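The two complexes that follow have chain A in common; it is paired with chain B in the first and with chain C in the second.
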Partner chain A sequence: MSEMNLAQSSLSLALWINLKREVIVAVRHKGELANPLMFFLMVVVFIPLGISPEPKVLAPLAPGLIWVIALLATLLSLDGLFRSDYEDGSLEQMLMSPQPLAIFVVTKILAHWLMTGVPLTLIAPALGLMLYLPAEGYGAMLLSLFIGTGSLSMIGAIGAALTVSLRKGGLVLSLIVMPLYVPVLIFGASAVTSAVGGDKIGLEIAILLAMFLTAMLLAPFAAAGALKIGTDA
Partner chain B sequence: MPELELEAFTCERDDSPLFEPLDLAIEPGEIVQVAGPNGAGKTTLLRALCGLFTNWKGRFSWRGNVLRRPNFDMLDQMLYLGHHPGVKRSLTARENLQWYFGVQGRVTPDKVENILAHVGLAGYADIQCQNMSAGQMRRVALARLYATYASLWVLDEPFTAIDVKGVEHLENLIENHAAKGGTVLLTTHQALSIPSFRTVHLVPFVQGQL
Partner chain C sequence: MASWQWFHRMGSPKWFYEKMRIWMLALGFLSCAMIMVGMVWGLAFAPAELKQGNSYRIMYVHVPTAIVSMGGYYVMAIAGAIGLIWRMKLSFMVMKSTAPVGAILTFLGLFTGAVWGKPTWGVYWVWDARITFMVILFFIYLGIIALQEAYPDKDMGDKAAALLSLVGMVVVPLIYKSVDWWFTLHQKSTFKLTEKSTIDPSMAYPLILMIFATYMFFAWMVIYRTRVEILYRERKTQWVKQALLGPA
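Presenting the complex of A and B:
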């Protein structure tokens, strides 16, 4: 331990420790971790049973279906994002840190994406196979989901922060977040559709990236502000 | 210069003050007990000083700086222990303690085992807090006090769920901290057996009295 460490509160240390904690907590709550993935898997398994197992029917629907289900799976995992920290007082300790709350929000979002968006992206090809997604669509699907789920986590964090003090915030959360998810869904799904049709996907990916970067700039501050209001009682 | 100074300070709920406006100057090295009946606003007052409750009236200054919310320097010198102390059930005592100091942007100042030994949790470092009793979980939170960098302690009912011997230890710790120039602000319904402390009584505000 050096004198430097003692002299001043360190932002990077706070960031790193909190990220580490978020990942450990997420891994220890295996049920919550598996929940969105199971939902994703189950819906995709049921679709051929409920609609039709014909490739002709499923293939055109596949890009949109995968995106819609991935979006709903993310939504399912959002409610508890800040709730347990709010209830056990961890959030107050983050507010009492000399470091800004927004950096803790960043680590929570990053952990959420690593634990939800990234696994969803990784299992998506298997589900694409079940829905007969044409081979040209896989690259676009992986890329658009990878970027898009990041935006979903960030936008969702704002909704989760606004509803943190509500015991049953799920419905309100969905209502807040849904309209903001629409653009991500439209451009995400259309990237996959374009790729399947043999078109270039540069435009869609550029817009998805732009939304990702805008969300990255704004969401942590918006969520931090909402959390401050939520704890102010 | 007083560590903390309040002038005509009161917290409001539903547009009505909770307690009679308070004038208070706390010098470094003082132990101040905030007393009052249930609902008088003890917790709210402490939260307001921590910046966790913003609907207050009056003036509040820290080391001569008039503040609306605690600033970086104040937060860096402050430790708050509330009813929910921020101990995560799925983390071990070690992880909880390291997280607490990390969130402050600090390295854990001593070996975790040594810190936990102070609160009678030697050998519990790698046990998840959900496998502990309520008192032991509370002790994990209190362990912060034995290693903290902060000089201003704000403790809301620190003796909850702590046994007689633990209370004695904690009182000694508070006394030592004050002797070294630290400041302690606490609420408790227990009789304190610390030789020198000041009690501030919150008088519930009665509508139409003024």
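Presenting the complex of A and C:
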């Protein structure tokens, strides 16, 4: 019985300690934290320059554009997800620890989401303003990005784990992850579009949530398996 | 235990190489013959369609390649799964051989679709649910090939690609469904895709023949490529030297 308790407490302890570690490491690398956000902002500046500054033109495009750019920004941040741990050997320590590797992966994904997905969601309203997103769309945009970026981090973690040992894995990572992002993009962007059109968004949000939960169930194990392949364990 | 013997024997590249020779020849001959018969039948003897005239005849290439390209994905993913679970090297070789065949069939399906679209809809490209899905499937195939190629170490590349194709197996139906939903949401109802609810038997028979022929062609190509892959990967073994150079 005591052994059982010990195992359980050490599991949650490992989860907690790792999450703390990930957040601290992320906060101390402020530059890496800001990069996806800067990318997000810069691309949004490009759009009026490339297409048109007219509100009439930009407003209907805004929901989809914001979602596509958020997706690309997430994609850019993925490469570093397991890279430093792989290079300095922390990953091997995690592999050797008594806790399952999936636990560590969960904390890494969670930290990644907190450090990229959530900030992206928080600055999205500013970008909505710049692209003349109609006022009805903001709530749906915040909600769909908040849930959707979680799925993006989960699915992306699998790709990051699969390419962790490749020296130039960045491009391959984007190639393998992008097709897998299609369902999230479809339902995320259409939640915002329906909200702008005055429709209910319950269906889209429910499906986004379902995808998030399914990804949470499966992705850590897939990513852990991929990490084992990458480290040749 | 004895019933599992065939399974273990199949894991041996040498056994596969030797036994599949006759299958390869048979499938190659049969698929070529069937494709020729099906082509002549479909292109020359099947009646012209009422609305589309003769342009519908590209269906005899388009439909079979599209069907087999989706089936091929599952062949690839299941081969990868067998490799990961039972650590069977041969099944990774099958997976590696299947990916380019599937990708090329997907591309052929897209290409013939575009060629068919021009006379029927007036444009080469339409963002229709099935076309969009096929494009994404094509990218998934390419991603798996790219991942496998990116690894300098063959073993790791095999396993990584197998894992990715398994992840794809979960996501591909989801993509199919979501693209379908997306399309019904956006449909402008200018194009009618499925107007032929019933297809005349005189048109259907060559189509069925072509579907079978394309499946056989797929199997032929996979076996052929797997045998080449076996020779390449086992090139340092004695049996390969003997098989290719004759007994020394």
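The rule we apply is simple: the second predicted complex is superposed on the first by the 223 of 233 C-alpha atoms of A that agree within 3 Å, B and C clash if a C-alpha of one lies under 4 Å from a C-alpha of the other, contacts with A are read in each partner's own complex, and residues count from 1 in each chain.
One rule holds in what follows: contacts are C-beta pairs under 8 Å (C-beta built on N, C-alpha and C of every residue); 3 or more make two chains touch, one makes a residue touch a chain.
Bear in mind that the values here come from a model prediction, so they are computed numbers and not experimental data.
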Quiz item: In the superposed arrangement, does A:180 touch chain B (first), chain C (second), both or neither?
Solution: second
Practice problem: State whether A:232 touches chain B only (first), chain C only (second), both chains, or neither. | Solution: both
Quiz item: A:95 contacts which: chain B (first), chain C (second), both, neither?
Solution: first
Quiz item: Is chain A touched at more residues by chain B or by chain C?
Solution: B
Quiz prompt | Touched partner set for A:11, first chain B, second chain C, both or neither | solution = first
Practice problem: Give one of first, second, both or neither to describe whether A:21 is in contact with chain B, with chain C, with both, or with none. | Solution: first
Exercise. Overlap the chain B and chain C contact sets on chain A and report the shared residues.
Key: 232
Quiz item: Along chain B, where are the residues that touch chain A in the complex?
Solution: 50-55, 72-73, 75-76, 78-80, 82-91, 95, 98-107, 109, 128, 149
Quiz item: Along chain C, where are the residues that touch chain A in the complex?
Solution: 136, 139-140, 142-144, 146-147, 150-151, 156, 159-160, 163-164, 166-168, 170-171, 174-175, 177-179, 181-182, 185
Quiz item: For chain A, which residues are in contact with chain B within the complex?
Solution: 1, 5-6, 8-11, 13-14, 16-18, 21, 24-25, 28-29, 84-85, 87-99, 104, 231-233
Quiz item: For the complex, which residues does chain A have touching chain C?
Solution: 155, 158, 162-163, 165-166, 168-169, 172, 175-176, 178-180, 182-183, 186-187, 190, 211, 218, 222, 225-226, 229-230, 232
